[in-house]
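What follows is a set of structures for review.
Heads up, the next two complexes both have chain A, just with different partners, chain B and then chain C.
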Partner chain A sequence: MSASVSAARPRMVVPSLLSAPATLFFIGLVLLPLALTVILSFNSYDYTAGIQSDLTVSNYLTVLQDEYYYSTFWRTLRLALITTVIAVVIGVPEAYILSNMRKPWRSIFLLVIIGPLLVSVVVRTFGWSMLLGKNGFVNGALAAVGIEPVQLLYTETAIVIGLAHIMLPFMVIPVWTVLQKLDPTVEAAALTLGASRFTALRRIVFPQAALGILSGSLIVFALSASSFAIPGLLGGRRLKMAATLVYDEFLIELNWPLGATIAIIVLLANLVIMLAYNRLIEQQAKRKLG
Partner chain B sequence: MQRNGPVALIFHSLVVAFMLAPMVVVCLVAFTPENTLTMPWNSLSLRWFEAVFEHADFMASFWNSVRLALLSATISTFLAVPAALAITRYEFRGRDALNALFLSPLIIPHLVLGVAFLRLFSLMGATGSFAWLVATHAIVVSPYTLRLILASLTSMDRNAENAARTLGAGEWTVFCRITMPLLLPGISGGWLLAFINSFDELTMSIFVTSPSTVTLPVRMYMYASESIDPMMAAVSALMIAVATVTMIVLDRMFGLDRLLVGKG
Partner chain C sequence: MSFLSVRNVSKYYGPVAAVDSFGLDVEKGEFISLLGPSGCGKTTTLQMVAGLVRPSAGTIMMGERDITHLPPPQRELGVVFQSYALFPHMTVAENVSFGLEMRKVAKAERDRRVKDILALVHLLALADRYPREMSGGQRQRVAIARALVINPPVLLLDEPLSNLDAQLREEMQFELRRIQQVVGITTIMVTHDQSEALSISDRVVVMEQGRITQVDTPYELYERPRNPFISSFVGKSNFLAATAEHHAGGATISIGNTGITFQANDRPKGKHVSVFIRPEKLRLTAPSEGQIEGTVTSRYFMGNQWLVSAKTPAGTLSVAVQNFGAPPPPIGEKVGLVWRNDDCRVLAAGAAE
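Let's look at the complex of A and B:
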């Protein structure tokens, strides 16, 4: 034991020195603040005296029992799930169509689909608020064909449309990556052997793309559930999601412990999803090996 | 490879229209001569662009965001290069844990990071400090620089380094003359991605900025949630222009698909 430690020591020095600045930076600015936030979530809050230094689970009980909070969580889960389904339904076929395209078009349209990732979420959300507003362009188009204007902005529909738009690239990217690795001759072989286009898709393409779809779904779900700008601008003052709720608690109600509690619950949900995902990947790898 | 049928192409056109619609509308409305968010059907005007450049708060936020993005992307690069060297070149205990720690800002929602930074800074008495805002952005963009530098380190041909060593070059010379130049594309790609991610960051920044350090996205969010006039469209159009230029540069230099999609 001691021999292996002393043998390992000189090899430890160089990498430790190289990674030391980043390690210290990340411990001080990721682990420490997260730990402080966990502690904060167990403190109680008094509207006149501020944050107390006691330890209690009352914030967690409030979030679980108060209808306002759990209905917001429920909405967050529901809208994130609907967004994920829409992203699969649109993103997966789109990735497949992209991968079937010929040379110049393929990269041009891939840019069109993933390029918006470089445009600020605020800008894209503002665009949707103009499209969906009461006198917006969607209602204008409806009026032109003689349909009564509908209330779209500040509804859950608006939030889902905005989320789907922001999230689509995150679904297309992993599915496209998987499809790139796929051997196109296998699908061609299935077609030659008399399989219909649909059968070839279902039996050949889909099973191989499944991992990409799964990884895209998890990213989309996690990002949707914690998104801020979209529910903030398209949901209005009434329709809150987890992130806008945390914002209100921190910067309007000033009840930091309660806001920290909601944030920690969002973080835990995220970690559970990621762990479940790693588990699935490991199982898939095992199944492939034997 | 299969050809796309007509149904597939119609579907594809609808998806493309869906992706571009909000940005096209923003860019068109930015040229309206009216006082409301209307299409410039009859005449074009640059008055709202002028209004942006005359709006002191927006301009201050813009320069603030530029400074912030320049500094945080640079700091994250200086942290990521040695860390990536340690991770790819050495076997050591805790290597996987370190890698996970450096990439963790991708998994932790920005909302949670924002809350955590706010708590830390309030305990330190550092709320509203620009230097600490830079530090938070460096954390958030580090995974982007680190990932690209890691990718170019793992795909690097190490024979050139070994040849230099055989020819008598010291470790430092090898690093400056061989490793660094080979790493440069990865570093500059990572730096640019870090820059644009810092420049666009909203959710975390909204918790840690103060009135004197408000970034452009935060300013725009505040502005859009209170009043909506065509000036907002003009700012948005300018941001779309910045993003388009960045996209073309990134695409020409590295291939955007490779950069955003990763090595497929």
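Let's look at the complex of A and C:
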């Protein structure tokens, strides 16, 4: 018994030592702040005396009983979903076209797709706000063909446009990676069996790319639901999403406990949605594609 | 007008010709084999007929119709791919049923036909498996079933039996041949198994480096190969260096170092020629009774026959000896070899073996 324990010990020491830096990093930078946020969310806040060190669920009750927070959460969920759907609809065909391109063009267009990631979000978003603004390019073009100017900036449409633009590479790249690995004769086989190109894509190519689409949409959904700069700049002061709401509680209202509460609720909701989605789709895809 | 006509089709990859001026007329219901070494352009040829590879030059006609640039879905061909190309996310039954769905066959009939064809390839029990859950030979049979189930007028098979065990392969060869004859499907099959090509085809097309070198019935091909390469690729062969004296009626052939001469019916070009003779057309006798004397250098047992090599003044000759009666003489023994000069073929001396 003791022999086996002492034999087991050296085997345990090396792996724990090797993983120690990463573990410390993770504890220090993720778990600790998260734990502090959780504790903070149970503290109460007084406008004159500041943060109290008591423990109460009143913050959670406040958030869960207020119509205003619900509407913001609902908007976050809705816009993140719409963005994900748009990213799938545009990104998947885009990845397919990319994977069918010839030698020089493929790398050129891959760069074009990844390009936006090389520019700061804030700069890109300002670009969009100039395009979509009252006297911006879009309204200018509409006016040129004689259509009334439309209010785009500071609407949900503007947020979705901005998000979809930024999120596209996160959809294209995983799908493209999967498509690269597919055997082209499988698609050819569908053609010889009488399928049109479109049917071959719908029935043969895209289902095989299901796992790539799954991971792409998880990334896009998570990043959209927690995005900050785009709703902040394109949604204006009025249209808030979860991250901008938290920001306001922390830095404008100075009510840190309430901000922490909202952050924790959003985190949990995000986690639940993504795990459920993952289970739902991955299990089916796993069985088929192994 | 033949049923399927491939006219002078070439395919270039850069400056290299994968297929060079391939021309072949196929009659309705004919079974053609494409035979040739790896990389000689068999798959490329088949895929051009299927419409999956665009020919660099030439035309492909189906009856009166030019199908050179017709997209694959409109060609109505059954294709078995060398890599099988099964749909990985569909079960066996779904794979087989796909072509019927594309033809808008009603569900009940679809199920019936899928079941029938899966029974034919012995896979009925595995209908609900996914391709990755099956062995190579089982996948290959799914690919065959998927191509056959749509009753195509033309069947293109790229090494469809390469992964099956001997017994199953023979059974599938027989089935393919039977279906093909009953339904009258015109079939082009790629293979590099010469015995398969000989046993089931009406005609065999031999390819070398993108070119057709001979098109003949299996018997003609085996008995009268046009060059030394074909004679050694299709079956085994002995080659003897010889000289030819041409005269009005034919040629007098003298086999080097032996003093053996005979009159040949063939008229190969040039003075230096190769005489080739199949191992099964040689016989072993007592040393003094043969046309030529030799010493046994090796002896392999093949089951139904022995393959004996004997060193003779004309070179080393292989002799196939039926496994009948006593085993042939052991290594080191002196033997005589006899053959009929009519069984010898004389070819221009070239890259023999």
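The rule is simple: the second predicted complex is superposed on the first by the 269 of 290 C-alpha atoms of A that agree within 3 Å, B and C clash if a C-alpha of one lies under 4 Å from a C-alpha of the other, contacts with A are read in each partner's own complex, and residues count from 1 in each chain.
We take it that a contact is a pair of C-beta atoms (placed from the backbone, for glycine too) under 8 Å apart; a residue touches a chain by one contact, two chains touch by 3 or more.
What you are looking at is a predicted structure, and each value in this text was computed from that prediction instead of being measured.
When the two complexes are overlaid on chain A, chain B and chain C sit side by side with no clash. Within the superposed three-chain model, A:L131 lies in touch with chain B and out of touch with chain C [touch as defined at top].
Shared-chain residue A:I252: touches no atom of chain B or chain C.
For the superposed model, the angle subtended at the Cα centre of chain A by chain B and chain C works out to 90 degrees in steps of 10. By the touch criterion stated above, A:N100 is placed in contact with chain B alone, chain C being left untouched.
Note on chain A: of its two partners chain C and chain B, the one contacting more of its residues is B. Shared-chain residue A:A144: touches no atom of chain B or chain C. With both structures placed on the common chain, the touch criterion links A:P207 to chain C but leaves chain B unconnected. By the touch criterion defined above, A:L55 lies against neither chain B nor chain C after alignment on the C-alpha atoms of chain A. In the superposed model, A:L36 makes contact with chain B only, not with chain C. After superposing both complexes on chain A, the closest C-alpha pair between chain B and chain C lies 9 Å apart.
Overlap of the chain B and chain C interfaces on chain A: residues 188, 191. The touching residues of chain B, counted against chain A in their complex, run 1-4, 8-9, 11-12, 15-16, 18-23, 25-26, 29, 37, 39, 78-80, 82-83, 85-87, 89-93, 95, 98, 101-102, 104-105, 107-113, 115-120, 123, 135-136, 138-139, 142, 196, 199-200, 202-203, 206-207, 217, 220-221, 224-225, 228, 232-233, 236, 239-240, 243-244, 246-247, 250-251, 255-257, 260-262, 264.
Residues 8, 11-12, 14-16, 18-19, 21-23, 25-27, 29-34, 36-37, 40, 90, 93-94, 97-98, 100-101, 107, 109-131, 133, 137, 165, 168-169, 173, 176-177, 180-181, 184, 187-188, 191, 197, 222, 226-229, 232-233, 242-243, 246-247, 250-251, 256, 259-260, 263-264, 266-267, 270-271, 274 of chain A are the ones touching chain B in the complex. Those residues of chain C that touch chain A in the complex are listed here as 50-52, 71-73, 75-79, 81, 83, 85-90, 98-99, 102-103, 130, 132, 146, 150. Against chain C, in their complex, chain A makes its touches with residues 183, 185-186, 188-196, 199, 203-204, 207-208, 210, 287-290.
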